[in-house]
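There are structures below to look over.
Look for subunit A in each of the two complexes below; its partner is subunit B in the first and subunit C in the second.
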Partner chain A sequence: MTMLLEVDDLRMYFHTRDGIVKAVDGVSFTLDRGQTLGVVGESGSGKSVTAMTIMQLIPMPPGKVESGRVLFKGADMLEMSEDQVRKLRGNRIAMIFQDPMTSLNPVYRIGQQIGESLRLHKGMDRKAAAARAVELLTLVGIPHSDERTKDYPHQFSGGMRQRAMIAMALACDPDILIADEPTTALDVTIQAQIIELMTELQKRTGSAIIMITHDLGVVADIADKVLVMYAGKPVEYGVKDDVYYRPLHPYTWGLLDSLPRHDVNEKTALCPIQGQPPSLINVPSGCAFHPRCPYATSKCRSEVPALRDIGGEHFAACHYAGDPGFERGVIECAGVGA
Partner chain B sequence: MSDHDHIPHEARDRQETLDAIRETGQPFPPSEEFELHAGDSRTLWGDALRRMLKNKLAVAAVVWLLLMVMLAVSADLWVPQTFGSPTKIDTTTIVKQRLIPPSMGHPFGTDDLGRDIFARVIYGARISLAVGILATAISIVIGLIMGALSGYYGGLIDAGIMRLADVFFAFPYILFVVALIAVLGKGFINVFIAIGILGWASIARVFRSSILSVKENDYVDAARALGASDLRIMARHIMPNAVAPIIVYSTMSIGGAILTEAALSFLGMGVQPPTPAWGLMLNDAQNFMETAPWMMIWPGLAILTTVLAFVLLGDGLRDALDVKMKD
Partner chain C sequence: MLKYIARRVLQVIPVFIGVTLVLFLLQAVIPGDPVKMITGERAMSPALRLQIMKANNLDKPIPVQYVIYVNKLLHGDLGTSYQRGRAVRDMLGEKYPYTVKLAFAAIIIEIIVGIAAGIISAVKRYSFLDVLVTLSTSVLVSVPVFWLGMLLQVFFGILLKQWSGGQIYMPISGAGGLSTDFPDWVYLVLPAITLASVSTAYAARIMRSQLLEIMGADYIRTARAKGLTSQAVIWRHALKNALIPVVTFIGLDLGAMLSGAILTETVYNYPGIGLEIYLAIGRRDWPVVMGGVVLVVVVVMVINLIVDVSYAFLDPRIRYGGAAE
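Let's turn to the complex of A and B:
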């Protein structure tokens, strides 16, 4: 059986006046039915653009797909006509956006917005869509849903709006749910509720999830596989336990070290990765991470490391990944005072 | 420093919540947030209406305009019967009837041809309101289409339409109207066609900029991600959020169109005598400014109050339709 989604060497470049921005540069991954892929990286690492490219929501120009394939059930979405892609969007592949405060149209009632994709894709009439919207809102845990579908977005709180967004995305029972930092704009208790809701719904509907986040903590809870991105390139990719417990790339080490932990005394200082992510117009030579990498050598400065299988479907793009002795050590941490 | 202080707590809070959820088996604890706005089912338009009603000047403007419309529409039923025809010149009584100052029988007085000025002002309102509304309607139709194409598609289409708009802006407005009338011919219909055609450029610009800002909203991307077509996104998701400035601008431009019509009629390029039009009446009044000032005052006041009412109404709408205005 073919994979549900297979992304192969995807490259999305933006041709701007200042030069070519390689926002997504050679991303590959596979996603099977019911699986969850976590895509992790700092701001500007190309996580969202990857998702938007799969959905073909990037305006072209300035964007241009330089290479790659996005196989949905074996069919290349990049080769499809706009009409064909539109039939998949919101129907087979749905997306949840980052900011629930701005992702709902302020002039329509919640119920109308949830029902929109049902009317677009399932040919439901207004009444049937409205009835289904009530069910969906109940499904995402909003009480009095028959009343609340008649509300406008400004009458919902942030957490409720994100629930409504999830209801919208789930309306057509999609095969894939792409969630672009769905919890970033919410406070932590609501975050936990939303994450729990998504895992719960995944169990029930069996849809695959691509969870985009800069928070490894979020991914740890729900992902089967993890893709770590840096400056548009994949730097580490593997099953969650490998990436979490046997990370290979110094960038992943840095991300894990900078993660606040609930099981450690809170007085411990956080250990952030020094420096800033590079500008995508001016990507450092060699390994893009070398200016921030405490292990960088001259080889790192001159040669671009390829993403290679270190063993057991665990990929890393580092010259030294997997070398004996090249291990996540206790780097002297400049730290941030508590 | 303080930015980082709370992060460990946050992570712990989340973990605790998750643990709690898993332990209790109650995934979605009913929290207070769900009850926060219960029962509060105001609509956006309801809010707008409420803000509008609070603005006394705008309400006065609406009342004034409604009164004008009612008088103008019902004029045939009572005006000629009470005050005499606004157009017909009765040569037998003209000497006795001309230039009567405001009095019981002729509340606004009569003009140099013995016609009742009140009747002429009321009938003039028909012309002015009709020209104002129809001309603006033409501008809106052209302007909305052009602005929508320009704002939504951008690129060459945008550049083309906006340069065309610049061309329209580059001409002196009143001269352009006069030139158009000269080509189309004088008369009521040509007046509003000319004013309407020239008004599209500013509406297109306002609408374009409003679309450009609405287009950037996440809900437009969200609609596209739902599989909505370009046309649907434009009509259902962008338009309703972008029309508020157009409503405001159009209301004000009705006032502008009325002024232009008055100016054209005054110059003799607009509505032709004996049809009563306010501009035309002002023109007639020129020779009698000192002997019969009422000939000038009443149509002048009519123009002033009507245009002012439209501007005040537009102003009120701007505040009412602004969601950010809290009351």
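Let's turn to the complex of A and C:
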């Protein structure tokens, strides 16, 4: 059986006046039915653009797909007509966005907005769509949903709006749900609720999830596989336990080191990765991470490392990954708040 | 909502007092003897003069005159024209329908042309049409209305007539009336275009910038992610949001147009309330000026109220309730 989604060497470049921005530069991954893929990386690492490219929501121009394939159940979405893609969008592949405050249309009722995809993709009439919208709102845990579908977005709190967004995305029972930082704009207690809701709904509907986040904790909770991105490129990719417990790439080490841990003394300083993510117009030569990498050598400065299988479907884009003796050391770190 | 409307209606009172007071004081300060306006330049006995002054309450102190005037006003009596000796109410009642006709003709042009040009320009951004709209609106907002009116008169009334050997031309003065050269509505065309020009250009620009801004909004991305066609995204999701400020602008503009377009009506010698007020100012016919302005103030305030209330229907985030403020 073919994979549900197979992304192969996807490149999305933006042709701007200042130069070519390689926002997504050779991303590959596979996603099977019911699986969850966590995509992590700093701001500007190309996580969202990857998702938007799959959905083909990037305006072109200025964007341009330079290469790659996006195989949905074996069919290349990049080869499809706009109309064919439109029929998948919101139907087989749905997306929820970062900011629920602005992602709902302020002048339409919640129920209308949820019902819209049902009427579009399932051919439901107004009444059936409205009834289904009530069920969906109940499903995502909004009480008095029959009343609440008549509300406008501004009458909902942030957490409720994100629930409504999820209801909207799940309306047509999609095969894939792409969640682009769904919890970033919410406060912490609500974040946990939303993640819990998503995993619970996944169990019920069996849809696959691509969870884009910079929160490694969220990924640890729900992901089966993890893709770590840096400067538009994948730097490490594998099953969650491999990436978390046996990370291979110095960037992943850095990400994990910058997390607060509950098993160490709270007085110990956090250890962030030094420096800033690079500008995507002017990506450093060789390995894009070399200016910030404590292990960088002259080879790193000149040669771009390929993403290679280090063993057991665990990929890393580092010249030295998997070498005996190349291990995550205790980095001397200036720390923050020390 | 009713509470809000009631409060807005009550706000009319101070504005009404302010406007009438200022006007009344102005007429007292501005030189010109009202008796002479009434009788014309002629010699008269002091007794006759006093009689005329008494008949018009001009012998009383200004504050008393003001109170008398307001009292009459509230009873629907706008006074009598100095010059014509006719009731101001009747005079304005004759002229006002012309202004209303002109205003609605202009507002229809503004709605159709302005909104359509704005939408085309935003949807086909950077296309030839967009450049055309952007350029022509820039020109239109900077052309003085009276000059545009004269240009149209010269072209459609004179040059076109010459070129076509007297066959094709447009009327450039008046509103038809007894003349049978054209049906009455033809007389509206050029004045309406002239009156609508600047506002249409503004409406197109507001429409364009609003639509462009909203096309970048997150909820438009959501709508596209649902799989809607780009037409559905624009017409259903973007337009309703983008129209809110445009409707405000056009609504307020309707108020302004219903106040009489002094420049347009003067250039086209169009018998509306704007021309009437303009002529009355020149003649120092204060009852007509006062009556005209009071009428305009009331109309503008009613229109503004309607615009404010219509907001709530367009934008659910705005609901006028007792709890607010």
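Convention: the second predicted complex is superposed on the first by the 333 of 338 C-alpha atoms of A that agree within 3 Å, B and C clash if a C-alpha of one lies under 4 Å from a C-alpha of the other, contacts with A are read in each partner's own complex, and residues count from 1 in each chain.
Going forward, contacts are C-beta pairs under 8 Å (C-beta built on N, C-alpha and C of every residue); 3 or more make two chains touch, one makes a residue touch a chain.
Not measured: the values here are computed from a predicted model.
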Combined model on subunit A: subunit C and subunit B, fit or clash: clash
Subunit B versus subunit C as contact partner of A:Pro106, first or second or both or neither: both
First, second, both or neither for A:Gly141, with subunit B first and subunit C second: first
Which of subunit B and subunit C A:Lys150 touches, first, second, both or neither: first
Chain touching more of subunit A, residue-wise (subunit B, subunit C): B
First, second, both or neither for A:Gly159, with subunit B first and subunit C second: first
Which superposed partner A:Leu88 touches (first subunit B, second subunit C, both, neither): both
Clash-bearing segment of subunit B, relative to subunit C, as chosen among 9-17, 27-35 or 153-161: 153-161
Footprint overlap on subunit A, comparing subunit B with subunit C: 55, 57, 86-91, 94-95, 97, 99, 102-107, 116-117, 120-121, 152, 154, 165, 168
Touch list for subunit A against partner subunit B, complex: 55, 57, 86-91, 94-95, 97-99, 102-107, 116-117, 120-121, 141-144, 147, 150-152, 154-157, 159-160, 165, 168, 188-189, 191-193, 195-197, 200, 217, 221, 259-262, 266, 268, 270, 336-338
Footprint of subunit A on subunit B - complex, ascending: 1, 4-5, 7-18, 21-22, 27-30, 33-34, 36-38, 40-44, 217-219, 221-229, 232, 237, 240-241, 323
Contacting residues of subunit C [partner subunit A, same complex]: 217-219, 221-229, 237, 240-241, 314-317
List of subunit A residues in touch with subunit C within their complex: 55, 57, 86-91, 94-95, 97, 99, 102-109, 116-117, 120-121, 152, 154, 165, 168
